[in-house]
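Each chain gets a letter, A, B and C, in the order it is written, and its residues are counted from 1.
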Amino acid sequence: MTDAEDIPIVEPEPEPEPEPMPETAARLLAQLEKELKDGIIEAAHTFGDLVVRVAPEAWRKAAEVARDKLECDYLSFVSGIDWMPAPKVGGDEAGGDTSAPVQPTETTYGVAGSDGRFQVFARVQSTTRHHGLTLKVDVDEAAFSLSSWVPVYPGADWHERETWEMFGIDFDGHPGMRHLYLPAEFEGHPLRKDFPLLSREIKPWPGLVDVEPMPGEEPSEEGGTGQGGGGE
Amino acid sequence: MTPLLAVDVAWGWIVAIKTLVVLSIIPAGALILGYVFLLKMMSHMQSRLGPMDPGGFHGWFQLIGDGIKFIQKEDIIPEQADRRVFMAAPVVVLISTFLLYIVVPAGPRLVVSDLQMGVFYALAVSSLSVIGILMAGWGSANKYALLGALRAAAQLIAYELPLVLAVVGVVIQAGSMSLQDIVHFQQDGSLFGWSGIGFPLIFTQILGFLIFLIAAQAELTQTPFDMPVAESELVAGYMVEYTGFRFLFFFMGEFGTAFAFAGIAATLFLGGWSIPHVHGTMADVLGPIVLFVKIMLVSFLIFWVRFTYPRFREDQLQALAWKYLIPLSLLNILATGIFKVVL
Amino acid sequence: MTVDFRTEALMQKHLADARINVELETEGMVLNLGPQHPATHGTLRVVVKLDGERVVSADPVIGYMHRGYEKLTEFRTYPQITTLINRIDWLSSFANEVPFIHAAEALMGVEAPPRAEYIRTILTELSRIATFVLFLGEMALQVGAITPAFYGFRDREHVLNLIEAATGGRFHPNFNRIGGLKIDLPSGWIDDCRRVMKKIFDSVDEFEELVVGNEIFEVRTRGVGVIPPGVGAGYGVSGSNLRASGVDWDLRRDGQPYLVYRDLDWKVWTHPDGDSFARYWVRMQETRESARMVVQMLDGLPAGPVMAKVPRIIKVPEGEVWINTENPLGEMGYYLFSKGATGPFRCKIRSASFSNVSILPWLLKGVYVPDIITILASLYFILGDIDR
């Protein structure tokens, strides 16, 4: 069973001194600030990488600045994240899915914070200068859309299609938004936290063995003892 | 009464025997070529074994078993297909193969019919298969089969010319279009005064031999010219709708024609059935064996190239034929003519 | 209106001719490559609009193998996830585990002992050799030569035997653990590895003679599918594909330091042309380079433990980290968000083939139909990598 006391909770003790930003990250941040000015909401660094949260209106301008001024010609990916804590699998009754890791029920946001539940984040890198940065942007749940990066990085086409498919976030200016991985009739947006992992809904862990009764026999009362775990 | 092998046989019997021999050579030749080169040689070149079980010794029964399997399969004809054209197409291809064997001699008296225009006849008849392929593509009622057939037809027609022109040099040197005469010319000739191996025309007609082999490779739609058949996007080209014994006819036609072309190449350039200084009944007995060995050698070259090289794109294929092979073969004819007159 | 039977027959004949003319229209013909197809490595479907022999537009349809990995990672513990991510790029499975394990180790502050890092590098380079040697044979197959494909498989078997001897699994080793490796190498493995590397050098020479030296292969691949470096980077094309366009960028040398590449003496290969031939050539050279690296590492393998001290139940502290590595297919990266539980909060998997294939609509415009196959073969994607 889970050990509730082992989950680290945010301790109410003074924050340790934040590590100084590495030199490359500081340089990139300075250039970004010069170009975007108010567009930058928050900046931080994690394990040597610069993470910058920009305002939604400055999303495309940030891409242009990254490509032109910071020489980041290479697009790694564009994706989304849903900060809501996942509801417990199998509902709130005791039991449920005991195999999935138990995530904290408190909503905390990652590096560079967030204003809401959904964020889109992207990573761009430079093949010539060998630096890169991560850009994050909050997506307002009321107007669930951002401007598309396709005019700046043509590869963003597929990444934005995937983000829309998985989270539901629209991209203005995208040439032809349609499903990428899932069939056209699929309903729902799978990577949202409130979209359940269907395989575990259908067959809770540990999986029950479907025992077919012998002809003429009564169907057996009990299920197998945790043997059928293969069905994922 | 025609004497045949010192036995007097009636004319009717001779025709019957010759028909039977030709009819059986095609499957036999196809089987031998298919087994030795397609199954075994290819496998060993690719560091694997090939069939080992059927029949016990290195799987010699594999192709025969395949043939039996094909014959007992269901005969499926697409609903929209033009039935008569669809059914006739493999037969047309096979007929052109049969007709090729009529002129290839296996001994001084072992030839079905030694036509005066043997070479001309053989090359003319080999192009009948183009009609069969077009019929197959059209009759299949399949857009992609039709495209494959059109590509095949374009390729075959383009490579007919180098095939014919390459042979003209041989005809000029030997002074006759009859295949038996050409073989006798090579048997009785001498190289720089030494008549040990006669005068196989490959020595002076090496360019013609190479062009003939390349063109034959294209005529057989073998790699590197197999774009019509091994289309990665069109599965099997014009043969795609054929199953069962109709497909077997195509298969036999392909390998039977390979056997026949190798036979023609061996006859024209390597001396055919002849061994110098061996005449008469001895030649009748040894001739087929010698011819068979030479056919195996030529087929080895054809199949070796097939398994090694990548394939040409359609436009590159056509460029090769029109821009390189035809001018080269014309040059060959010119050179041969000049030398024949001068020397 | 009624017509007599002769006119009726004539009308039917005209109708039939008209139908055939429409059928035989070759403009705007739509060709469906796949999803079951001998030329695509897995279930990739490319819907191609043709004008005679030339492509007007191409639209890849992916997702036939989508297994929902990013969703699954939110419901699995870290050791369970290593099993899953082996199967993203199944030809070089060991290499997939490495960035994820590094991400978890970075967040935990755990460092694997030097021997573990060396063995990880050796096995990653072995996966690279296995993947590339198969590519060398199998691209020749797509272009039409059947024999080199068998040689590719045969040589791959040698490397797979090595990987199996070390890890227990040919395709899905599942050998990495957070903090090091499962167990140490078996005895005699190092000598076997040296022997196999000699064979690899010989076989790459064989491929060079057989395939690269073949004029037909050159004619089929030179100038076909040229990716200009700026366009390639914009689409996210990475790995050997980008290096074949002249971009001198290799994450083993230029990215965040990982594994032991900084200690080795090796070279990054690029080619200025950017066509299919260049992609083949670059991978061929990289195979040799990987073999050289493995030999260096075997000579300098440090002694010591292969596993650091980590708690039995892995809980990764809160934080987020981006780790990307040079996988055989390109740049593979994991953006790991953790909230201190036994499994990640969100794990974004950046796979190389996804971006490599996204350039197809741009790349396939105006090429001949047979060149489609050459281009697909030279980009070298794996469906598991595209679809995750």
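Just so we're on the same page, a contact is a pair of C-beta atoms (placed from the backbone, for glycine too) under 8 Å apart; a residue touches a chain by one contact, two chains touch by 3 or more.
Since we're looking at a predicted model, the values are computed, not measured.
Once chain C is left out of the assembly, the remaining chains are joined by touching only within these groups: A | B. Using CA-based centroids throughout, the chain positioned farthest away from chain B is A.
The pair of chains sharing the greatest count of C-beta contacts is A-C.
Spacing of chain B relative to chain C, judged by their CA centroids, is 43 angstrom. Note on chain placement: the centre of chain A and the centre of chain B lie 65 Å apart, centres being C-alpha means.
Between chain A and chain C the centroid-to-centroid distance comes to 24 Å (mean Cα coordinates, whole Å).
For chain B in complex with chain C, the residues that touch the partner chain are 42, 45-48, 143, 146-147, 223-224, 226-227, 230-233, 307-316. Against chain B, in their complex, chain C makes its touches with residues 23-24, 26, 29, 31, 33, 37-39, 53, 140, 142-147, 150-151, 154, 210-211, 214, 216-217, 219-220, 368-373.
Of all the residues in chain C, the ones that touch chain A in their complex are 62-63, 66, 68, 70-72, 74-77, 106, 229-231, 233-238, 242, 247-249, 254-256, 315, 317-322, 324, 331, 333, 335, 337, 339-343, 345-346, 348, 350, 354-355, 358-359, 362, 387. Of all residues in chain A, only 6-8, 46-49, 51, 73-77, 79, 81-82, 86, 89, 97, 99-104, 108, 110-111, 121, 123, 127-128, 130, 134, 153-155, 157-159, 166, 179-183, 190-191, 195, 197, 200, 232 touch chain C in the complex they form.
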